[in-house]
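Common to both upcoming complexes is chain A, partnered first by chain B, then by chain C.
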Partner chain A sequence: MTIASWTQWICFVALSAGVVIGSLGVVLLPNIVYSAFLLGGVFLSVAGLYLMLNASFVAAAQVLVYVGAVNVLILFAIMLVNKKETLAEIPGLPLRRLLSGGVCAGLFLLLLRVDVTTPWAVPGPSPVGNDATIRIGIHLFSDYLLPFELASVLLLMAMIGAIVLARRDVFTVDVITGEDVDQALIEKMRTPLLVETTPTQNPALEATR
Partner chain B sequence: MIIPLGALSTLFAEAAPAAALPPGLGITALQLNAGAIAPESAILIALLVCLLVDLAGEEAASRWVPPICYAGLGTALVLLALQWNAPVEPSFLGSFLADNLAVAFRAVVAASTLLSLLISWRYVEQSGTPVGEYAAILLAATLGAMFLCGATDLVSIFVALETLSVSSYLLSGYMKRDARSGEAALKYLLVGSAAAAVFLYGASLLYGLTGGSTGLEAVGLALQTSATPVTALALVFVLATVAFKIAAVPFHQWTPDVYEGSPTPVVAFLSVGSKTAGFALALRLLVGCFESFDAQWKVLFTVLAVLSMTLGNVVALAQTSMKRMLAYSSIGQAGFVMIGLVCGTEEGFAAMVLYMAAYLFMNLGAFACIILFSLRTGSDRISDYAGLYQKDPLITLGLSLCLLSLGGIPPMLGFFGKIYLFFAGWADHQYLLVVVGLITSVVSIYYYISVIKMMVVKEPQEASDVVKAYPPITWNLTGMQPLRAALVACVLITAVGGVLSNPLFNWANGAVAGTPMLQQAIASGALSSAVG
Partner chain C sequence: MSSLPVDVPLQAYLVLAAILFCTGVWGLINSRNAVRVLMSIELMLNAVNINLMAFSSYIDGQLIRGQVFAIFVITVAAAEAAVGLAILLSLYRNRETVDMERFNLLRW
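Right, the complex of A and B next:
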């Protein structure tokens, strides 16, 4: 074996170990913060595997989307609901663990079987490797130009909408009439029609008692 | 030089192992045929200017945003009129097609936004929410809907659909201090995201079937040769998305809650603009691509139409809130339009286009009236309308005419639209649909008339407390004049348009005649019926 293939082999083993150990940690560790950080590690290792397969664009997208957005969002959610709480002991925990472990092992065996029995060497267009990024760029600026530009409008609107919904400054008065406003629907929820019927209902209620 | 879609995709396929395109291939605006999206560009410019003006503060925004929106949407409508009957050439290398169908549906969408904006200024001001962002988000929704009407590529369809949907979620949650508005936005977001995911799954299956192309033409070709279970799955997924967008039963559960919790002008837009885009999507995908699965999707759509007409119109009977009643009525109305889609004949498609245009005016007229009523009284309960004719003849007259038209009473515009739909259905032997349509129309007339009876027949002493305490009628506040103009225009067109509907008929027929995709479907449908 050459040095290059040795390096590749070592990288593969390291990344795979990262994925396997990391995901086991995500599932098994009792502290949810450790799980979230390990999940980020798993995503990064998967991105590394993509890199080894010459899919650099997918690897970059994996890091940007999963590590940069999804995982950070999960951490935010954990931080926002970080409340000390003693959970009640779940009855029959070992049996439940055994059962779920069995189901997972079954699924794993099924996957292994598919992996072994499927002929993977299907004929098809040969992968373009690292030229894929160039190809995607050409597509984005030729036949996918319209959706690409429209996506910018979508993102702009999503950003503005998020700001509108989240910002705290509230107009307390109508800018034209100067009346008080409450940023609620004009059609108010009302129950005043029941007010005059309430006294008449009371004797009936007491009669039924 | 314009590269046709087919040539381009073969270019990509052949050059697959090497670099895709020769590096020197410059693409100019002429090749892109970018003039096809000139109306959308006008709206986009109006959107950006609205956002910039909004930086100058709320007073400046409430002064300048309305004229900017009118200018943008008016320009878009003029540019759309110029595109009418223009030679059909794919633009953006096959992502967009400005045929007459797209022009007609985009015009309906733009007009619905214009009318919704006219009736919304006072509502937005009175609720104390920012006007500039409101207009910008509504214009973005319009942009998405208009692109959806003309998109001929799965990726463009998805991005346009998401632009429309995300803007709609934001708009329905725009009254952020109101729990009902928040509930509406969250429900719409969750159900809408599920529908988008389903569409994406269906689209990925279609992409796989074509072997590497996302153009609808290629999808249609691939579907003609494959009859695998995957195709049926893709059909079901795509159909579910379309049914969600047009709120057909059983994909309608979001509608009543979203309509009740959203700001009323937004509901007006959602019930017309968003639905129009949904029908355009249905035509492009089902008629354009799934032609070889004609029988299957028509059966499914017959079921959807019967369920929508029945459930929409029957449940509307029991509603006490005006907005909820109009929500269920819009489900029923979508069922009527589906009759034209199922026919697949020239008359069927023309009747669809005609009914969407008629629905635009009568539904927005009704919404203008109920917005005016809720601005003055803060209520949308049907029982609060009792005895209104004494205090506010304009609302009473306008709402009565629009509701009669929605019910299909001659000589309103809605009557001619509906009779054309039923006629097309009967001519195509869709007897079940037409009979169900007729029966549910009678049911719908019952609940529309009961609102009119509430307003007109009650004696002054029987009037509701709200009407007894009715404020004096004034039009001098900013935003009331546009509301009045929109109300009067919609009511006039609804009332008189029926008698003078010949231009509308010609327009609808022209929309079908100038659309190669529909002509092809009609021809193949006539051929198969002649063979069968």
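Right, the complex of A and C next:
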């Protein structure tokens, strides 16, 4: 074996160890903040695997989108909902875990059997290597143009949908003008600046009407 | 170690992706915390992406269609994470919990 293949094997083993251990940590660790950071480690390891598979552009996209956006979004969600709560005991939870573990192990064995027994058509044509980015650009603007445009529409819909779903609608009435005041995007319920008060409590405000 | 093949075979990547996918499925079924469920979905999407990239590099080396598909999967995953976390935030406001066992609004 040459130095190059040794390096390839060592990189593969290190990156896959990172992926497997990190994913087990994501699923099993009790503290969810550790899980989120380990998820970032898994994403980085997967990006390294992409680099080994001659896909530098997708590796960069993986780091930018997954580590930079999705993982940060998950961390923000954890910070927004991270209230300490004691989960109620569910009867038969260990049995459930064991059964689902068995199902997952069976699924893994099935996938393993398919992986090993299928006669894959390797070696295929030689990989394009550094020209992959150019090929991806050509694909995106010729035969994959429609999915590309649909993806942009999907991202727009997801952005609008996320804003609509996550906003908090607090409708109050302005006491002076009597119009509806839309105080959306207020994270915590708090008293608006001009609450509707009884006239006797605030005679000065009543005088301004 | 000398019995190893010279290059990392395609099957090694596929087995790694299978391990990652099954870990994600187990976490998806068994997590009580809703944020962890979303993380498990991301793990499963990454496993699928590893498969696509491995096939693209080993079998479809010239027309790297697997890489294009992986880019679309990454796009959809980003949209899914944004909408999923927005739904989770909305649920948390209504229910004051992230316990998956108590999210049964549509069950009966």
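Structural remarks
Note that the second predicted complex is superposed on the first by the 130 of 209 C-alpha atoms of A that agree within 3 Å, B and C clash if a C-alpha of one lies under 4 Å from a C-alpha of the other, contacts with A are read in each partner's own complex, and residues count from 1 in each chain.
Just so it is clear, a residue touches a chain if its C-beta (ideal position, glycine included) is under 8 Å from a C-beta of that chain, and two chains touch if they have at least 3 such contacts.
All values reported here derive from a predicted model rather than from experimental measurement.
After overlaying the two complexes on the shared chain, residue contacts for A:Ser142 are found with chain B alone; chain C is out of touch.
In the superposed model, A:Val72 lies in contact with neither chain B nor chain C.
Within the superposed three-chain model, A:Ala151 lies in touch with chain B and with chain C [touch as defined at top]. Contacts of A:Val128 after superposition on the shared chain: both chain B and chain C are touched.
Using the contact criterion defined above for the overlaid structures, shared-chain residue A:Cys104 touches chain C, although it does not reach chain B. In the superposed pair of complexes, A:Leu39 makes contact with chain C only, with no contact to chain B.
In the superposition on chain A, contact is made by A:Leu165 with both chain B and chain C.
The partner of chain A that touches more of its residues, comparing chain B with chain C, is C.
When the two complexes are overlaid on their common chain A, residue A:Ile176 makes contact with chain B while staying clear of chain C. Of the two partner chains placed around the shared chain by superposition, chain C is the only one that A:Ala88 touches, whereas chain B remains out of contact.
Chain A residues in contact with chain B (one complex) as well as with chain C (other complex) are 125-126, 128, 135, 139, 144, 147, 151, 154, 157-158, 161, 165.
Interface residues of chain A, counted against chain C in their complex, comprise 1-2, 5, 8-9, 12, 16, 19-20, 23-24, 26-27, 32, 35-36, 39, 42-43, 46, 49-50, 52-55, 57-58, 61-62, 65-66, 69-70, 73-74, 76-78, 80-81, 83, 85, 87-88, 90, 96-97, 100-101, 103-105, 107-108, 111-112, 115-116, 120-128, 132, 135-136, 139-140, 144, 147, 151, 154-155, 157-159, 161-163, 165-166, 168. Chain B contributes residues 5, 8, 16-17, 19-21, 27, 32, 37, 44, 47, 51, 58-59, 62, 92-96, 123, 125-130, 133, 136-137, 140, 143-144, 147, 151, 153, 155-156, 158-160, 162-163, 166-167, 169-170, 173-178, 180-181, 212, 261, 263-264, 321, 323, 371, 374-375, 378-381, 383, 465, 477-479 to its touches with chain A in the complex.
Those residues of chain A that touch chain B in the complex are listed here as 125-126, 128, 131, 134-135, 138-139, 141-147, 150-151, 153-154, 156-158, 160-161, 164-165, 170-177, 179, 181-190, 192-193. Of all residues in chain C, only 1-2, 4, 6-16, 18-27, 29-36, 38-40, 42-43, 46, 49-50, 53-54, 56-65, 67-68, 70-72, 74-83, 85-90, 92-93, 96-99, 101-102 touch chain A in the complex they form.
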